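Here come two complexes built around chain A, the first alongside chain B, the second alongside chain C.
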Partner chain A sequence: MSVSQIFPKSLPVSSFFLAFRGISTTSSVCKNRKCGVPKVTPFRTHPLTYEEAQPPSKIYVTKGWLSWNTSNLYEEKRHAETTFEDLIIRKFMFGTWHGILASEVVIKRRHNMIVLAFLASMEHALQRQVYFLQGYTEELLTNWFKCPVKVELSAVSSKNDVIFKKI
Partner chain B sequence: MAAAIRKHSKVILSRAKFIEQNLRHFTVGQSLLGNTWFIYDKAKKKKDFIPVEHPIKIDKTPEAELQPIVIPDKIERSPTAILEALASTVRNDINQPMYSSIDDPYLYCNSDFLKKNNMAAKDSGRKTARMMMSMYPEYITQIWEEPLPEVWRDIVQGYVHKEPSEAALLERIAKRKVSDAIQVYEAVNPKSQLSQETIEKFLELLCVFNNQSPEIPSDVQQFIEPPSFIKDAPFPAVTWQKESLAEQVFRDLPVKTTAAYCYLIRGMATYFNKNGAMSLFREMRAANLTADVLTYNDLLSVASLDLETMEEVILEIETLLKDMAASNVKPNVQTFNSVLFSCNRVSRWSGCKKFALSVMSEMKALELEPTLATYLQMLKIFYDIKDKSPKTKNADLFLDILNNMESKEYQLTCENDLLFFRMAMRVITTHLPDAKIALRLHTIFKTGKNSDLVGHRQLQFTYYLDLISLIAQLEHTDVVMNLYQSVCPFIFYPTSDIYLMILENISLYNTFQYIPVIYTDIQRGNYFVDKNFALTFFKTLAQHKHEPTLQGQLCDIVQSLLAVWKLKQEKMHQLPAIDGDVIGEMIIIHLNNDDHVKACELFELYKHTRSLRKTSPSALSLSKLAKKLISVPDYNAAKNVMTTMLALDYEGIPDLVETCLDLLALPEEERMYLEGLARSAPSKTISESTSSSSESSSSDSDSD
Partner chain C sequence: MAAPLLRSCRLGASLFTAQSQTANKVSQYSTSESLVTSTGKKDKLYRQLTLEIKGHDSAILNSYQKFTAMAAKELGVNIVSMCDPPRIFTRMSLMKSVFVHKKHFHQYEMRTMYKVFQIKHITGSTASTFLEYIQRNLPEGMAMKVTKIQIEQLPSHIKPPADAANQIQSSQQTTKH
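Entry: the complex of A and B
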């Protein structure tokens, strides 16, 4: 059996490689892993938090995940829905807690409950502002996602407190 | 047996013996082959063999003799029984941050003001979110087309029965939606479409909520706002709606049952329509129907309204009670509480107290255990907290109540129970100012879960405020601080007045070891922003010279506050009120610690900071500093201090100059300068009792 018997001539050449692609013998590009590693600045002035400083390859080695759910386990549902909701939550949190967020938001799903854990910088925020935003976030997201949403934050005195290193 | 086991011996054991031998301490190196043990070493220690019963007994009973397995009856338990049992195995420290606050030291709510303020902010956030959702409903919609959870179904999709029908009415009654239920009732034909039972349920709903939709406050709102005391008003306004739908529904009922009468009477009595309730009750009795105990209780609670003499009140109450007895309705504790509640309205009338005592004796005769609400009404009748007359009240009744309550745990039976502890403490502070009685009440308060019965945040705050303000004035510091440490800072955060009382107490009993304990809490509460408070605090600290460790701690307090002051200089937000007066007291505290370097630094800080020079350090503090510097000796610093004293027109400079000239070998130029200082200054010597240029207070300083 020749190749021409398998693929008619009308098919593009790329489909030939696609069909016979097996073990790659060239060096790995790893571009998806590389894009998670921040670039070094000329004078090493860019501050990074601990979470940002660890490359994606260190997930579950020196750092955890930012979304905790079981959607991607075998035969579980709502893969895309969960990811999209997490995206909305992150956008919402970045805008609502503007200037206060001192870390990424860790989104944990337990049963039907969503728990948002993050660090809040108290440098420019008063106690009552944080309580206001807590009530606002919980109520709005609860009504939006139709499930209980809880904010469990920890406070730091300044964003400087969460700098792990500068690159 | 043990003695017989030797090294390399072979022991054959039966299964039972094998298990017995397991109790013995053989050394390692045993091997078991079947039931044969090879012992390679001796037993470590000879032990007396104690035969034990075989733990595994295989009873080879013939099948005919087998007993049937009897499964015990199921014990009926509440749904939370297991949780309660588990909770009873652990005990938490109750003096911990409020549960609803964010669990972070930056965000804890200590003081009552902060608790209220932060929770109000949270509630405000929730309201804002609801407003945003109502303003922009198109943005915040259901994202996925998946079935909603049951709780959301009502909110998003509305009622199951949308058309007016009996089922629709029952659905709205079950959900306590008064206005929706009224709409459905008006849309249907009650006589043909609704059953007697459904109409009675609807009537009950109308009577309970007074024909209007209730405003259900959120949990946070309930926490913020104090409880309503409308029911306690002596002459409450009638809030029952006249010619309301409830009365119309009652009139339209095909059969006027006992339940229907009871619902309407209770509704009228609850909303203070005494005349309507009584006339309906008479109508009910005329129809030869018997009211239930709840209805009688509500009628008794309004019995004293619209009457002019105590005799009429007693007659009204006794008539109802006799009617109860004639109808064979057994009274309960709430019945007597209602009678006392009625008496409370007319507690200033003569004869009321006597009648209340007779009610209590009747209650005792019926072997009914009084609840907290019963005691509350008795306290209100006998000890009117609004009565400001100097006449001392008799404490016997109060002590009797305490004796009855000793080591008892109470349950919540009605909302008035929540007011007892706060009222009792207020009675003590107003009429019976005795720390022993207050502490006895507090012991009862701490018994079991009685502390849960203090109810609202504000009631808890006022309870502890009264208690600690009384104890701080009358008891030794050990007692005060014991109580303080059990409730501060999370359950109760004292006000600045309470701290001033505690400082006085510490000063009186010379228990300055407690100063570091309270300093942290004072600092957390930012009470040092009050100038008078800061000055009083540091004056207390500067009163005596203490043993070195404690004095070192006091100096640390000074340095700590200065560090905070320097940190907050930039923002000027909640800046501690430090000025010349306070600096003077701080200098004395450091001099008491024989630390003239820090004292000098403070003096230099005062000299070079403009904001501190609003007031001046006391003459005593500068004089002490100058003396110390002369004795060290540090002539230049002493000269600076003396020059400042002259600029402030303080007395005592000649004495200091004389000491300086005697002790130090100075060049002629300096001696002439000092003599010039002495000539320019007022000559009177500063006494130890003169502490400040502005305010004079006694000082027992013995630092020099």
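Entry: the complex of A and C
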């Protein structure tokens, strides 16, 4: 099928370029793109928490880890299982506590227990909603992972309280 | 049968004065050999407990070592050595490109630091109490391996040769006089 079949000759030439403009056939520009380092906005209005403000290279220097478990120690088991469970927990927390989470969730494992620690902003949430969500989270995750899950949340009055800097 | 008060484990207190030679041997333990547990069985004797602890963060390991030493001191548990064996770094190299673009080479590493505590001469009840206390306070991201060396009696079907048995008997008689 040729181009002339798709675009009849009656159409202007500009429409031809318009249709094919989206496809780039040149090789990609391999710039050194950093992951985990947010870009600065034109007027420096984007708020960041302390956790987000530290680049990944500062882990173990100015900030700690978000998952605390023994699976990555030498000669220990369950790397993949632990990582995948943590992923599910983070997804679940993001959806369940939508708009309430004011920080990342720290997942701590000791023995067979999972402890979830995070900040909850009370700006748009009622107290009884938070109590419900706490029980809901513990109950569901406990049943899914077949081990006790505890929620240890700290409340902040608004997300403005956790702004470390604006970029 | 020992008095019920003495039946519970007395951490660290040397309660009993050695009355015979056999009692002398076990007097270094925190409880006497003659003590029986509530189920009527004799308490176990451990010659050595080895606690191997590993974690990612040396600061937490040091803190835990301090805690364990303090707990052992308060409870009178005899920790003979606390050492840190060589650490192990597991490295993962990441290079998306097969050949060029060495600028984008990344290396991730998982650090494992160790601590080894050795406890000598401890009874079963003391060991279980002490271990439960320190294990319940084990922080997140730290693993512990406990190796126990228990003292067992010779099985009844193994007996010393006749000469040796006579010698033991005669030596016991002399000590009684």
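What we mean here is this: the second predicted complex is superposed on the first by the 134 of 167 C-alpha atoms of A that agree within 3 Å, B and C clash if a C-alpha of one lies under 4 Å from a C-alpha of the other, contacts with A are read in each partner's own complex, and residues count from 1 in each chain.
Criterion: contacts are C-beta pairs under 8 Å (C-beta built on N, C-alpha and C of every residue); 3 or more make two chains touch, one makes a residue touch a chain.
None of the values given here were measured: they were computed from a predicted structure.
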A:73 touches, of chain B and chain C: first, second, both or neither? second
Which of chain B and chain C A:130 touches, first, second, both or neither: first
Touched partner set for A:115, first chain B, second chain C, both or neither: second
Partner chain in contact with A:167 - chain B first, chain C second, else both or neither: neither
Touched partner set for A:138, first chain B, second chain C, both or neither: first
Touching partner for A:155 - first (chain B), second (chain C), both, neither: first
Per-residue contact with chain A, leading partner among chain C and chain B: B
Of chain B, residues touching chain A in the complex: 102-107, 109, 114, 117-126, 128-130, 132-133, 140, 142-144, 148-149, 152, 156, 220
Complex contacts: residues of chain C adjacent to chain A: 54-57, 88, 90, 101, 103-104, 110, 112, 138-143
Contacting residues of chain A [partner chain C, same complex]: 30, 32, 60, 65, 68-70, 72-74, 76, 108-111, 115
List of chain A residues in touch with chain B within their complex: 81, 84-85, 88, 112, 122, 127-140, 143-147, 152-155, 157
